[in-house]
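Same chain, two partners: chain A is paired with chain B first, then with chain C.
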Partner chain A sequence: MDISNANEFLIWTRGSGFNIAVSIFIIGVLIRILEIVLLGRKQDLAEPRGTEWGPGFKNILSRSLVDKGTFRRSPFVVVVGYIWHIGFFVCLLLFVPHIELLHATLGIKWPGLPNPLVDSAAAVTMFAMLALLIHRLMHPVMKFLSTYEDYLVWLLTFLPLLTGYIAYHRMINPYPAALGLHLLSVELLLVVFPFTKLMHAFTLFLARWYTGAMMGRKGIES
Partner chain B sequence: MSKQSLLDMLQQQGITRRGFLKYCSALTSLMALPPSMMPAVAAALETARRPSVIWLSFQECTGCTESLTRSHSPTIEGLIFNHISLDYHHTLQAASGTAAEQAREQAMHDNKGKYLVIVDGSIPLDNPGFSTIAGISNVDMLRETVANAHAVIAVGTCAAYGGLPHASPNPTGAVSVGELVKDKPLINIPGCPPVPTVISGVLAHYLTFGSIPELDELGRPKVFYGQSIHDRCYRRSFYDKGKFAMSFDDEGARKGWCLYRLGCKGPMTYNACATLKWNQQTSWPVESGHGCLGCSEPDFWDAGSFYRALSIPDGDYAKAAGYAVAAGVAVGAVAGVMNRSTKASAVSQHSPVSVDDFSVNKNNNQEG
Partner chain C sequence: MTTQLNIAKGINALKEQIDAPTAAFFSSCVHCGLCAEACLFYTETSDPRYTPINKVEPLKRVWESEFTLWGKLKKVLGLHKPVTDELLAEWEPLIYDGCTLCGRCSMVCPVGNDISTMIRKVREGMVASDHAPEGLVGASTRAVKIGSPMGVRLKALEAQIRHIEADTGLTIPIDVQGADYMALLSSMEIINFPEYIESLAKIFKQAGISWTLSSEAFEATNSGIQIGSSDIARELVQRVVDGAEKLQIKYVISPECGHAYTAIRWDGPNLIGRPYPFKVVHILELLDQLRQSGRLKTSGQYSKRLTFHDPCQIVRKGGVEAQPRHLLGLVASDFVEMADHGKMNWCCGGGGGVSANERADEIRLTAFKRKKAQLDEVNVEVMVTACANCRLVLEEGLEENNMDIPVIGLSELISDHLTEE
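And then the complex of A and B:
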C-alpha cells in the first residue's frame, strides 16, 4: 500500500468515517429501542402482589450468571462464551488508547491496564472466538440454526480484535495503514450493530428487566 | 568537481585522522552497513571529490537550511556539507540577481549529468506567479535544472510531500518534487526540518558509493526512516506499562512518562530523531517533554491537533452525534407511532376463534 494514501486513509477513518459510523449507530440504536419501548403494554388491571423495579434489576444480574442446566448441557459454549465476552470488554475498556477515545467522546475515564495484559486478553479472546466458530460449524444443530447473519456478526466482531492486534504489534507497515484498518473495522461494526443481533448488548437489559418486573409484580421470585 | 579530497579538506580544518575514522565507524553503523565495510567507507570518503550541488529553494521557510548550517560548533557533518561545491543557494551564496542565475547555469553546463540538485520547499502549480526566482517560476526552474542532474534530493517535508503549503486548502496548488520529477533518482529527506545528520548522512552515502541509498515506498532512505519514533523511543517502556503524562507539568511529565495521551504522534512517524537526536545528540522533542508532531509524514498538518491522542477521532463528532440523536429520536418516534397504529388496527380487526372453527367437519365442508 502506498504510504501517502495510508495517511489519507487514516485521516478519513479518524474524521469523516468515524462521524458517519457513529451517526448511523446512534440513529439505528435509538430507532430500535424506541420501537420497543413505545409499543407499550396493555394496562395490567390485576392488583400487584409485589414491586417491579427491584426484581427487574435483580433479574438483569441473576440471568447474567451461569444457569446450571445450560452449563450441564453445553459447558463449552458457556465457558468459552464468558471468556470471549470478558476478554472483549477488557480490550475495549481497559486499553489506554481506548480510554482516551472514550474520555474525549463521552467525558468519562478510568484507569487502564498495562499493555501486555490487554495484549494477552486480545489473543485469548481471538482464540475463544475461533473455537466458538469451529464449534458452530462442527455442531450439526448449531450449524443448521446458523444464518449468514451469525457469521457476519462473528466476522465483524472478530475483525476489530484482529486489526487491533496487528496495529499494536505493527505487523502491517506503514503503521497508519494498520491503525486505519483497525478504525475502519470498528466503524463497520458500529454501522451494522443496530440492524443485527448485536443489538442484544442493549436489549438484554430491557428484556431481563421486563421479565423480572413482571414476575415481581406477580409475586414470583425473579 | 574540484581536485581536493574530503580528507584533505577535513585535515585543513583540524580534524585528525583518528577523528575521521571514528566518524566513518559511526557513519557505517548509521547506514546499517556491516562493520567490515568501515575501511571501504573511509577509503571512499578519503578520496571523495567535491560534487557540484545546486540547491533550489521554493515555497519554504529556510528552516531546512538553518537545520544543517546553524549547528553550535563545526561538526564533521557540517564540514561534509561544506565539502560539496554548493554552486547555487539563494540564502548562502554571495552573488545575487543575474550573477546568481549565471552561477546556476554555469554549474549545470560544467557538470552536465553529474551534479546533484537539492530542493527545499514545495512548488505551486495553480499560478506560476505565486513563487518566482529572477522572474522564473519554480516549476520551470525545477524542470530546467533537473533535466541534466545525476540525482535529486528533496530536503524537508515541503519538498518531499508538499508540507505546509500543501495543507488544506492548499491555496497555491502546491505539490512535492516527486510529483514533478519522475525520470531521475529522487531521495526524499522529510522532516520539518530534517535531522541534519540525516541530510549529511545521505550526502556521505552519495560521496562514498556514488549512488543513492535504499529507499522505502515514500522515497525515504530506509536506514534513517526504517523505524518509527515509537519503536525507538526511550519512553516506550512507560507506554507498555500504562504510565502516561496527563498534562505537561504533572508528576508523570516530570518523571518522563509516555506522552501518548498528550498527542504524541510517535507511533505513526518514521524518522531517526529518537536515535540520532538533535543539536549534536543533546536532546530531541520527546526528551525535552513534548510529543512528536509527526513532521516527517505526508499530510501531517492535516492529521488533526498535535495535542490530541492518536486514538481520538479528529472530526466534529459531537455535532454529528447531536444530529444523529435528534434524527434517531424523530425516526424512532414515527416508527413507534406507526407500530402502535398497526397494533391498534390488528386489535380492532381481531375476530374471536372458537373450537368449532377447527372442527373436522367444517374443514371438510370448506374443502368440499
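And then the complex of A and C:
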C-alpha cells in the first residue's frame, strides 16, 4: 500500500468506518438488551424465604470466582480463561493511546500502564487465546458445542490484538496502513458484537442477577 | 398430520416458556463447556451430548427464531434451524433419561445461566409434542386417575396406618378438622418406607403437635413436575390445596421427597395462580424448628460413621441446607460430609422422573458411579438422606455395586432417638 492510499484508508477507518461500526454496536446492543428485558418475568406467587436484590447482585460478583469442583475438573479452561479476559481488558483499557482516544471522544480518562507492560500483556493474551482455540478444537465437549460462530468470534476478537501488536511494533509499513488495519479489525468486532455470543459481556449481568435473585427467594446462598 | 400438529403444539409450549431470564441465559452462553463437568451424566459417560447446555437446544431454536430480531430475519431468509419432530425425538433421551433436574449445572455456569430451569422448560415442549417417555406418561396418568404415580389408593394407606397403630399403639389422625399441620406423604413412603409415618406420629406426639393426614390429599409426589406438564402439575397441586382448605389447616408438611417439595413449596402457587391460605414447611424445617424451641427431645447418639446425601430439590433447589446438619448434630456422633455436599452435592441419579423411566435404568446405574466415588472417599457405614426416591435409588445403586451401606431417612433417625417419656 503506498502512503497516500494508506492515509486515505486510515482516514476512512477513523471517520465513516468508525461511526458506522459504533452506531451498529450501540443500536444493536440496545435492541438485544431490550429484547430480553421487555420479555419480563411472571410474578412469583410462592412465599419467598429471602430477598431478590441483594442475592442477585451478590451473584453478579460471586460468579466471577470459580467454584472448587469446576476448577479441579477444568483447571485449564478456568486459568487460561481468566488470563485472556484480564489480558484483553488490560490492552483495551490501560494502553495509553487507547485512553487518549477515549479522552478525546468521551472526555474521560484514567492512568494507563507503561507501554512495554501492555505489550507483554498483548503477547500473553494472544498466546492464551491460541491455547484456548486449540483446546476448543480438541476437547470433546467444546468441540461438540462449537459452531461457526464460536470460531468467527474467536477470530474477530483475536484480530484487534494481532493488528494492534503489529502496529505497535511497526511490522507493517507504512504505519497508517497498520493503524488502519487495527481500527478496521476493531470495527469488525463492534459490528458483529450485537449478533453473536459477544453479547455475553452485557447479558451476563442479567443472567447472573436473575439466577441469584431466584436463589435468594429460595434462601439458597448465591 | 398428527406429527405436524404435535410439533406445532410443542413449539407453542416452548414459546410460552420464554421469559426474560431464559433470553438472558441464551444470550450469555459462550460454549465454554464447564457445565458438562458439573453433570453426572457427562462425567460418568464422557458423552458430550449430555452437556447440560446442549440439552436445551430445542428451546434455544425457538427463542432465537421467535424472540430475537436477528433470528426472525434468519427465519425469513430460511437460514434458521427449525424445531422438527426428529430433533425432539433425538433430544428426548437427553432431556428425560440424562437429566435429573438436579440443578448442579446452574451452580457452576460462569455467566450465571440457570440451565436446569431451562431443561425443565424444554420438558413442557416434549410433553406437548408427545415426546415424553412411557414410564413417566404412565406415572402421571396414574397420578391423575388414581391419585398416586405408583397407583397407591387410600385403602393401602389405611392398611399401613392400621399396621402402625397396632404395632406401636400410636394414633395416626386422619381428616381432623382445624388441625395445625397437614402432613403429605409420597407413595414410596406409604409402600416402601412406612416407618416415616410412624416417625412423624412419634415425634409429633412428643412435641405436642396438632396434625392430621387428609384422606383426599395425602399424596405429595407430583408427576406433572417430573414429566414437565404444568397442566398435570396444577391439577395435582390443586388437590392438596383443596384438601388443606377443606380441613382448614395452618401448615402443610412436605415429606421426605424432593420433587414434592419443589411442587408444593415453590411451583404450586404459580401453577394454581394464587398464594396459599396456609404455609408450606418441609419436614426437616419443622423438625429443626422443634429442636430450636426445645420441643424435640432426643437422647443418646447414633455412633456409626455416617454421611448425609443432600436431596437436590430440598437442598440445592429448595434452600433447606442447614437444618439437616443441625438435626444430625443432635443424634449422630460420627457424621462426615462428602467432599461435595450441601448445595454442591451430586445427585443420586434418579431424580426428576429418571427413576420412574425404565428406559433410563442403565444410564442411571452408570451415573451412580459418581455417588460411589464420593462414598469411597468417606468410608461410611451408613447413609442418611431425606427423600424416599433418593433412598430407593441409592439402595439399588449400592446393591448393584456390592456396597453394604444401609440408607435411612433422617426423620426416622431422629424418631429412633426420641427421649422416652
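In this text, the second predicted complex is superposed on the first by the 218 of 222 C-alpha atoms of A that agree within 3 Å, B and C clash if a C-alpha of one lies under 4 Å from a C-alpha of the other, contacts with A are read in each partner's own complex, and residues count from 1 in each chain.
Definition applied: a contact is a pair of C-beta atoms (placed from the backbone, for glycine too) under 8 Å apart; a residue touches a chain by one contact, two chains touch by 3 or more.
It should be emphasised that the depicted structure is a prediction, and the values quoted were computed from it without experimental measurement.
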TODO: For A:10, select first, second, both or neither according to whether it touches chain B, chain C, the two together, or no partner.
DONE: first
TODO: Applying the touch criterion given at the start, work out whether A:120 contacts chain B, chain C, both or neither, answering first, second, both or neither.
DONE: neither
Open item on the list: Under the stated touch criterion, which partner chain does A:31 make contact with: chain B (first), chain C (second), both, or neither?
Closed with: both
Open item on the list: One more residue to check, A:69. First (chain B), second (chain C), both or neither?
Closed with: second
- [ ] Scan A:51 for contacts with chain B and chain C and give back first, second, both or neither.
- [x] neither
Open item on the list: Looking at A:40 after the superposition, I want to know if it touches chain B, chain C, both of them or none. Which is it: first, second, both, neither?
Closed with: both
- [ ] Determine, under the contact definition given at the top, whether A:77 touches first (chain B), second (chain C), both, or neither.
- [x] second
- [ ] Check whether A:170 is in contact with chain B, with chain C, with both or with neither, and answer first, second, both or neither.
- [x] first
TODO: Could you tell me if A:197 is touching chain B, chain C, both of them or neither one (first, second, both, neither)?
DONE: second
Task: Shared chain A surface residues [contacts with chain B and with chain C] - done: 31-32, 35, 37-40
Task: Residue ranges of chain A in contact with chain B within the complex - done: 2-4, 7-8, 10-11, 14-16, 18-20, 22-35, 37-40, 96-98, 100-101, 104-105, 112-116, 170, 174-176, 179
Open item on the list: Quick check on the complex: what are the chain C residues that touch chain A?
Closed with: 18-25, 27-34, 36-38, 42-43, 46, 48-49, 51, 53-54, 67-70, 106-114, 117, 265-270, 273-276, 279-280, 316-319, 321, 340, 343-344
- [ ] Write out the stretch or stretches of chain A touching chain C in their complex.
- [x] 31-32, 35-42, 44-47, 49-50, 59-60, 63-64, 66-67, 69-70, 73-74, 77-78, 81, 139-147, 150, 194-195, 197, 199-200, 203-204, 206-212, 214-215, 218-221
TODO: Flag every residue of chain B that touches chain A in the complex, lowest number first.
DONE: 161, 216-218, 228, 230-231, 239-242, 244, 260-261, 267-268, 270, 297-299, 302-304, 308-318, 320-321, 323-325, 327-329, 331-333, 335-337, 339-340, 343
